[in-house]
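Every chain is named by a letter (A, B, C and D) in the order it is written, and numbering of its residues begins at 1.
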Amino acid sequence: MKNKTFESFEAAVADIPDGSTIMFAGFAGPGTPRNLIAALLAQGASGLTIISNTPGRWADSDIVDLKVLVDAGRVRKAVASFTAAPHPSMSGVFAELYEAGEIEAELVPQGTLAERIRAGGAGLGAFYTPAGVGTELAEGKEVRSFDGRDYLLELPLRADYAMLRAHRADALGNLQYVHTQRNFGPIMARAARITIVELDLPIVAAGEIDPDHVHTPGIFVDRMVVVPADAIQETVRNG
Amino acid sequence: MKNKTFESFEAAVADIPDGSTIMFAGFAGPGTPRNLIAALLAQGASGLTIISNTPGRWADSDIVDLKVLVDAGRVRKAVASFTAAPHPSMSGVFAELYEAGEIEAELVPQGTLAERIRAGGAGLGAFYTPAGVGTELAEGKEVRSFDGRDYLLELPLRADYAMLRAHRADALGNLQYVHTQRNFGPIMARAARITIVELDLPIVAAGEIDPDHVHTPGIFVDRMVVVPADAIQETVRNG
Amino acid sequence: MASREPLSRQAMADRIAMEFEDGWVVNLGVGMPTLCSNFVHPEREITYQSENGLVNYGPLAVEGEEDPNLVNAGGQYVIPIPGMAVLDHADAFALIRAGYVDVTVLGAYEVAANGDLANWRLAGRKGGGIGGAMDLAVGARNVFVMMEHTTREGAPRIVERCAQPITAPGVVKLVATTLGLFEITPDGFVLREIAPGYTPDEVQAATGAKLIVPPDMREFRTRE
Amino acid sequence: MASREPLSRQAMADRIAMEFEDGWVVNLGVGMPTLCSNFVHPEREITYQSENGLVNYGPLAVEGEEDPNLVNAGGQYVIPIPGMAVLDHADAFALIRAGYVDVTVLGAYEVAANGDLANWRLAGRKGGGIGGAMDLAVGARNVFVMMEHTTREGAPRIVERCAQPITAPGVVKLVATTLGLFEITPDGFVLREIAPGYTPDEVQAATGAKLIVPPDMREFRTRE
C-alpha cells in the first residue's frame, strides 16, 4: 500500500517549486491548513499563485493564514472572492502590494470560485453561471442567454497542489471533515494534482471509516500529516 | 414544522398531473423507487417525460421498475443513457414503441446525464463536457475548444418531480442512502420542484442523523413514505 | 419630538424579519442582517442557510461554548440545532443559485430605484470584497436590504442610479433603513413605513431618488 | 496443432490485467472486462472504481452474501473492502472525466487503426446503450479493449475505419482479442503478441486493418 503519511509538515511541502499554483481550503478559520502554510513559509517557495476564499486576514494577527505568505512576498497572484478588506479602515500588506501593482489578483464571486474549482475537478471545459451578469466583473466575459436568462461563461480552476485541513483519515487517505471545516476541502482535493492534508486526529486503519460517510475518497489524497499537540490547532478567535 | 410524512404511496403521488416531467433515481436496482412507481401506475398519470438511467428493464420480469409505466403507455418521452437493450436479442415494449416512433427518446451519455441533472439543481445555464465529441451525439450541438481540447455544450435538466429511495430520514427530510443506493438520489432531489422519497427505515427525530453525514438536506425533500414490510423491498436479483 | 430618532438596527432587523414566511429558507448577510434571527415570529419555522455550507443552523454560540469548526458565513461561531446538515462549498452555492433560498438579507452601499444593488466595492478603491453577495443576489428568490439611510457624510444610499459598482442589477425588492421601509416597484421606491416622528418630506430630503408616498403609508412597525 | 485455439476470455483478461500498474485506479466495463479483477498481480495495489459511485470495492459477492444495495456498474453484487468510499452519480463521473481513472477496460463492436472505439450502437438499429462508455472513453488515461476477434458472422472487429457509430475518436491504446494483443500506434495496429499456433498471416487474414508485425512479436502471454 502506498504510504501517504508524512512525519512532518516540512517533509510534506519540501518539493513544492517556485511558481506553483496552490489551492488553500478554509473559510473564516475552519479548514485552514495553518501548519502547512507555516511549513511552506519556512520552505521558501515564491512566485506562488494562491487560490482561496481570501488572501488571508486583513487585520494584524498572530494567527497563521495566507497573510504570512503575502506579507513575506511569496505570492505573485491571488484568485479569491475578496481582494480588499471588508472595510476601508482595514488595510495590510496585500492591499498595499495590490494597489502598487506588485501583486496580481483575480476577483471572483465566491459561488463562482467554488464552482470553477468543482469544474476543474470534474473535467468540464467551462460553465455558465448567472452570478456577475450586469456587473463590472462581466467585462470581457461572454454573456449568453439560456431559457431567457443571462449567464457568464466561466472557466475551470486547477492547481498543482491543494492544502487543506480535515478531521480524520484512514491509511488510504479517505477523509472526513467536521462541520464547516469541510468548505472548500472536497472540491480542492479533486482539482489539484497533489493534495496535502493536515489532520486533527490520528490516522485510522482502512475500514474504520464508514464508506457511506467518506467526504473525500483517498484517490484524491496524496500526503497526510497528523497535527501534533504542540502544533497549530484551530481555536476560537475573538473578532 | 411542516409535515413531510405521507401515510401511503398513493397519497404521495395523488396530485401528479398528466404531462409531468419526473426524474427517477436508481441504478441497476438500488435506489429505484419501486413502490412510488407502482403507485404512479395505479394513479394513472400519462404523457410523462421520464428522466432516468434507463427506461426500465429490457427483459420480462415481475420486478417493478419504469418498464411498468412504459408498458402501460404512460410515457411520452424518455431521457436516458440507454434507449435500446444492451443486446439485440433483448427487446420489449420500449424498443417497439421507440422503433414505431410512438415514444420519444433523448439518448445521453451517463456522465452527461448526471451532470445535466446536477447543473439543473445548481442554477447553471449550461456546461461544456468532453463526452460525445466526435460522435453522432454531437450532431446539432455546439463544439467548442478550451485549452486545446474539444467539448460539447450541454443544457441542464430539471423536473416537476423526483422520486427516489433512501435508507433513512429524519422528520425534516434529511436523508441518508446506503451504499450504491445513493446514485442519482442527491442530484435529482435538488433538480426537481417536488421530491418524493420512499424509505427503507422508519423516520427518526431531527437530531438523530449526524449533520456531517446527511447526504440530502431536508430542504430538498418534500414528501416521504416509509416502505411497509409488506410492500416492495429491494431484493437480490439473479441476472 | 422625544421619539424622533433614527430607527435602531434592532428595529430594522425586527421589521425585516416580519417578512419571513413560515417555511422559508433564509440567508443572512454579514453584519446587521444577522440580527434578524433574533426577531423571527415564534410560530414561523425558518431554516437558516449559510453559504459556507450550513443548512438549518442555530443561534450564535455564547462565550465558552464555541465550536472552533462551526461558523456561519460571517465567521461567527454558531451552535448546531437538531436537523442541521453540512455541505461543501460548491453544493452550498449550488442550492443558492438554484433558488432554494427564499430570502437573503444583505447590507449595501446603495440601492437604486430599478432594484440595482451595490455592496461589494467602493468606486475609486482597487479591489473589492464580493464574498457570496453576487451569487446570493441573483440566486435568492427575494433580496432584502438593511442599511443606514445615508453615509457617514450624509450622502443618500437610496438613489436613482447607483454610483458605486453594482453587485447585481434589478434584484432588490425591499429596503429597511434608519428612516423607514421602502418597497421597490416598477414605478420606483414606495415609502411603505416611516420612522416615528419623521415626515415624508424629511425622508425625501435625505433620499437620492423620488419616493412615492402611498395613502396607506404607516408608521414603522416592529413585532417585539 | 492441439494448442491452436482462440484465446479464452480468461487469457485475455489475464493479459490485460498484466498491464495494470501498481497504484492504478481501474474501471472495468460490463461483461468480459470484469474478469480482469481475477488476474491482478498480488503485489500490485489496484483501486477499482465503478461509475455508479464506488471507489475501492471488492470482488463479486458469493451467493447468499449479496447486499441488495451494493452493485457495480454492471449491476453485479460486489462486496465492500476496507477503505471503500461511496459517491453520488455526478461525483463518480466527475472523477472519471477529471482523469483520476488510470485505465478503463471496455468491450467493443469495433476498434479502428486510428484508435476510434465503437461500442454503443449497431448501425441500422434505432437507439443505443451508451451507459458510461462515452465518459470513460474520453476521461480515462488509458482505454483498453477486450473483444472477440471477429463477429459471429466472421466479420473483423479490428478495422481500418469503424463502420459502427463511434463512442469516442482516437482513444484506444491496446486491444486484446481471441487472436492476440494489438497496440495502436501512430502507424496503426501493431501485433505485439499472437495466440499460440497462429501465424501473423492468419491473424491478418481475419483482420480488417493492416497489421504491423514487429521483429519482437511474441506469443500471447498470461501471468497465471
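The rule is short, and it goes like this: a residue touches a chain if its C-beta (ideal position, glycine included) is under 8 Å from a C-beta of that chain, and two chains touch if they have at least 3 such contacts.
What you see is a predicted model, and the numbers here were worked out from it, not measured in a lab.
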| item | value |
| --- | --- |
| Smallest count of steps, each to a touching chain, taking chain C to chain D | 2 |
| Farthest-lying chain, centroid of Cα atoms versus that of chain A | D |
| Cα-centroid distance, chain A relative to chain D, in whole angstrom | 37 |
| Interchain centroid distance [CA atoms averaged], chain B/chain D, Å | 29 |
| Contacts with two or more other chains, residues of chain A listed in rising order | 115, 118, 122-124, 129-130, 177-179, 182, 211-212, 215 |
| Of all residues in chain D, the ones touching two or more other chains | 80, 86-87, 90, 93-94, 96-97, 139 |
| Chains grouped in pairs wherever the two touch, ordered by label | A-B, A-C, A-D, B-C, B-D |
| Chain C partner contacts - residues on chain A that touch it in the complex | 27-31, 81-86, 88, 95, 98-99, 105, 107-112, 114-115, 117-118, 129-137, 167, 177-187, 215, 233-236 |
| Contact set on chain A toward chain B in their complex | 115, 119, 122-130, 144, 146-147, 149, 151, 155, 176-179, 182, 210-213, 215 |
| Chain B residues within the chain C interface of the complex | 1-2, 118, 120-124, 170-172, 174, 190-191, 205-207, 211-212, 214, 217-220 |
| Residues of chain D that touch chain A when the two form their complex | 23, 25, 45, 47, 49, 55-56, 80-87, 90, 93-100, 139 |
| Complex contacts: residues of chain C adjacent to chain A | 30, 50-54, 66-71, 73-75, 77, 80, 86-90, 92-94, 96-97, 121-122, 125-135, 137-139, 165-170 |
